[in-house]
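A, B, C and D are the chain letters, set down in written order, and residue numbers restart from 1 in every chain.
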Amino acid sequence: MVTVKIENLSYSYKDSATSVLHDISLSFSSGERVAIIGQNGTGKTTLTKHLNGILTPDTGRVLIDNVNVENKTTAEWASKVGYVFQNPNDQLFLDTVKKELVFGPSHLGIPKKEIQKRIRFVSELVGMQEELAEHPLNLTDSEKKFCAIGAVLAMDPNVVIMDEPTGGQDKSGKYRLAKILEYLKTQQKICIVVSHDMRFVTENFDRIVVMANGHILLDGAPKEVFSNPQVLKEAFVTPPPITDLAQKLGWETTILSISEFIEELKKRVQ
Amino acid sequence: MKRQGRRVNSGSLISTKVLVLIPIAVGINLLGGTLCSTLKLPLFLDMIGTILVACLSGPWMAGLCGLLTNLFLSVVANPIYLPYAFVSFLCGVVTGYLVKMGLFKSKLGVVIIWLTCSLVNTIAASLITVYVYGGASGVNSTSLATIALLATTKKIFLSVMSTAMIENLLDKAIVFIIAYTIINKIPSHFLNQYSPNLRSDR
Amino acid sequence: MTDNWVRRLNPKTKLLMIPVFGIATIVSPGMLLGLFLLLVVIVMAWQANIIKKFLQTMISFGIPIAVMLFIIQGLYSPQNHTYVANLGFAKLGLEGLMYGGKLLVTLLVFMGSFYLFNKTIYSGELAAALIKSSLSDKGGYLILASLNVVPQMKRQLQVIKEAQEARGVQTGGSLLTRIKVFIPLMGPVILSSLIDTQERGMALELRGFDLKNVSKTSYIQVVDTKLDKLFRIGMLLFLIIVTAFSIYLKVRR
Amino acid sequence: MKVSSKDVISVNNFSFSYPQTKKPAISSMNFTVKEGEFFCIVGANGAGKSTLCDSLVGLIPQYFLGTTKGQVLVNGQETTKQTVAELSLEIGLVFQNPFNQLSYTTSTVAEELAYGLGNHGIPRSEMLDRVAAVAKKMRIESLLDRDPLTLSGGQIQRVAFGSTYILNPSILVLDECTTQLDPIGSEEIFTIIKQLNDEGVTVVMTDTETERLSMYADRILLLDNGLQMGVDKPQAIFAREDLEKLNISTPLNYQLTQELTKIGILDSPEFNQDIILEKIKEVENGYR
């Protein structure tokens, strides 16, 4: 079991007077898959960077399992809070995929046997078992991302944060990501993902947080969130095309997938 | 019809491919220095980019890279660094030629480059410190060490050179260890676009 | 940036000032001419509205050097024969002091005119001036790109530092751990910059960087007035006269 | 119809392999692009989309070392007969990462846009006119005095795009140029591309996201593992049964069309959203 609580968090960057985050309160509990969406520059990444102490709030606090994040360094939180950066090139520095995966757990002092077991499992989960001996820079951008995700998952953190994992992923990449999210849910982890891909978000998340200008505009299940076209417009978020189509037809129920659309249509014409 | 790919601009003095590498290498040099001050290391480590260029595009480009590094330092940080541009230039050229001779392929070779480079740097930098700055370019730990030595030996050049030598051997040792480690991490498909005399085939 | 006559001078004029003033100071006997040229630079800095920063830089640069020169040359110069004071552990020599003084003035003239040049030109203007004077546009590229690439790399370094901390890499601690952390930090910076380099080179080619037989043009206009040309000729004449006069003085002695 | 019958690009049996790799990155490419066409290249990651784009603008084989076979013709001329710079006056390339498209020698957006013109020796008076015109087209007039490195992703992508377009190429190659943008940002870029295409510019575009491509493309080239799997109209490409295997997601519009045809609301596949909307409304009203 793990809990994350953000209490009245406000933050502004040193070099600018305007604040990036305003009085944000959120809490997440075990097994939740949460997507944070919103336009570029609204503070999504800034918010997630508070969860492992990369940034410290100006006011308010962040508690993980009731421990204030500020009490430990980011490196110390690494075993508990895994963070996958947007650009895998920022994170990878070793010369094989396997070394990248081993790096985290061996730093935590985990026995060799256990590490081997984890690597076997994680490399399969992220689809990298064939590439273990490969140099990360010889991988495609999408593979690099999975390598970075694997490196974080190998530490078996209870909270996993991913910044834009969907960007540039093809179909199989997104499918693999969905599998990873599913696995994390069965393990009762908290998974927080920043994404622009509305279709992916509606299909794979239990909860969506919509941000605009450092505020939280909406927070709830995909159905609730996408039933507010006015607010979404304010956040410059476009709902998935199928939802949009149903709204244009004037249907009251919020549609998130093709099958739902067809079902609703059948209901209406019967 | 089958033909080898070629660069159309091969006639020009510096190809674009090499040219764009230099500002990046200058940036790497400066970042090394910046990182030293943020990590509070008593070192400079501002030659990693130059070594990289020496490996990828030869001695003269490496010299140019060293020259620009100091030019830039004198523009943004402190004009004191300007005269030492000559030293960085010389170090780049020397390193470049030694790499060209194939010395970067083995660990022993790297040791030779390290010693040569430290020596060249020490002599050239001392000459500048003595003849341009009259013995010390400012108040820091090195200058204080110089004065201490001066008080006992009474010989300016000797004092300047001994402190510079110690400082250089340590700094360049770390620089070459890092550069060697990193260059051996660059995947071959990238290096293939540049020069072949880099490292033993792995 | 405020507009004034110092800023409006052609970059080439200000660039020429550095060697002319510096060399004139070196060749002239004593330090009088040097002091006068330093005064000229100071007046120009005042006219360019950068006097405060200028003086701050000159002082923070000059005082440590002055102190060191005083100790090293004043106390330990082998030329010392005439002693002006005895400090107990060493004697203060006149020759060393004079030499140190001349060196200090020379350095201040060089650094001062360099600082003035550096702070009163707009970097794009320099490149444009260099391109116009048919000095290689590749040289212009190297100077400007080196200046522009660094801030972005610094930002990237910051992101990488965060990413590595998030992976459990400690960036503080003993000297050894701090040296060890250098690779996880510099490695990604270097490797990802090298990858970017490839595309940047491609982009330059696509934008006609390497075109031959084309006289390149620039968006930035560089004004080279008659006054600029006059200044430049004047400075060169000045240098010749100073050199000739100094040689004459030396020969006569 | 905006598309003419003239071939502006023809790729004849073209293959390329990078040094020291046995498998070619792309092999036996055979297709043509017509003047005014909106031509898309679709394929999974690593299928060879970028390699193909680099080949169209001459970077392969002029900039990258490697082995080539066959030829690429742009406006009837082999790409190897001109330098990349000369070729860029006919065919421009926009990268995925706009930061790599900047020259790093300028301190304002206006200078950045003008940079390529300067290299081609365009007189300053004409430069000013063209900068103003392109800025208007790319909707970056208000940014002209800003430092490019301080802009947001969407803004900088438009600057990068503008700096390519300012050379007036009649063909534009766009290599996943919206992947790094948020939905609004990529919408803006797509609108601009569509507008240029309507004005007669030939567009060659790659993306992993098929949703939008399916709406704009006249024809699609399907790539897999460096091989050409087919060139056809989007309707035909997205109706293929091997898409799943090739790792390409079917656009929602197509899935919906298939479902609607199944339950008899549409008689034949229809991809225009407005028409679909109309049809459904008709059916709904009929039952009310």
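Basically, a residue touches a chain if its C-beta (ideal position, glycine included) is under 8 Å from a C-beta of that chain, and two chains touch if they have at least 3 such contacts.
The shown structure was predicted, so the numbers you read here are calculated from the model rather than taken from an experiment.
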Discussion item. Going by the contact definition above, tell me which chain pair has the most C-beta pairs touching.
Written reply: B-C
Worksheet entry | Length of the line joining the C-alpha centres of chain A and chain D, rounded to whole Å | 29
Worksheet entry | Intercentroid distance (Cα basis), chain B paired with chain A, Å | 42
Worksheet item: Between chain B and chain C, what's the gap in Å when you average each chain's C-alpha atoms?
Response: 20
Worksheet entry | Residues of chain A touching at least two other chains | 93, 137
Practice prompt. Any chance you could list the residues of chain B touching two or more other chains?
Written response: 9, 16-17, 23, 185-186, 189-190, 193
Discussion item. Residues of chain C that contact two or more other chains, please.
Written reply: 141, 145, 148-149, 171, 183, 187, 191, 195-196, 200-201, 204-205, 209-210
Fill in: Pairwise touch network: line, ring, star, complete, or other
complete
Worksheet, complete the sentence: As the complex stands, chain C meets chain A at residues 156, 159-160, 162-172, 183-184, 187-188, 191-192, 195
Worksheet item: For chain D, which residues are in contact with chain C within the complex?
Response: 54, 57, 59, 62-63, 83-86, 88, 92-93, 95, 97, 99-108, 110-111, 114-124, 127-128, 131, 149, 163-164, 167
Response to the item:
Within their complex, chain B touches chain A through residues 184-187, 189-190
Discussion item. Looking at the complex, which residues from chain C come into contact with chain B?
Written reply: 57, 61, 64-65, 67-69, 71-73, 76-78, 89-90, 99-100, 103, 107, 110-111, 114-115, 118, 138, 141-143, 145-150, 153-154, 157, 171, 175, 178-179, 181-183, 185-187, 189-191, 193-198, 200-201, 204-205, 209-210, 212
Fill in: Residues of chain B that touch chain D when the two form their complex
1-9, 16-17, 23, 188-189, 192-193
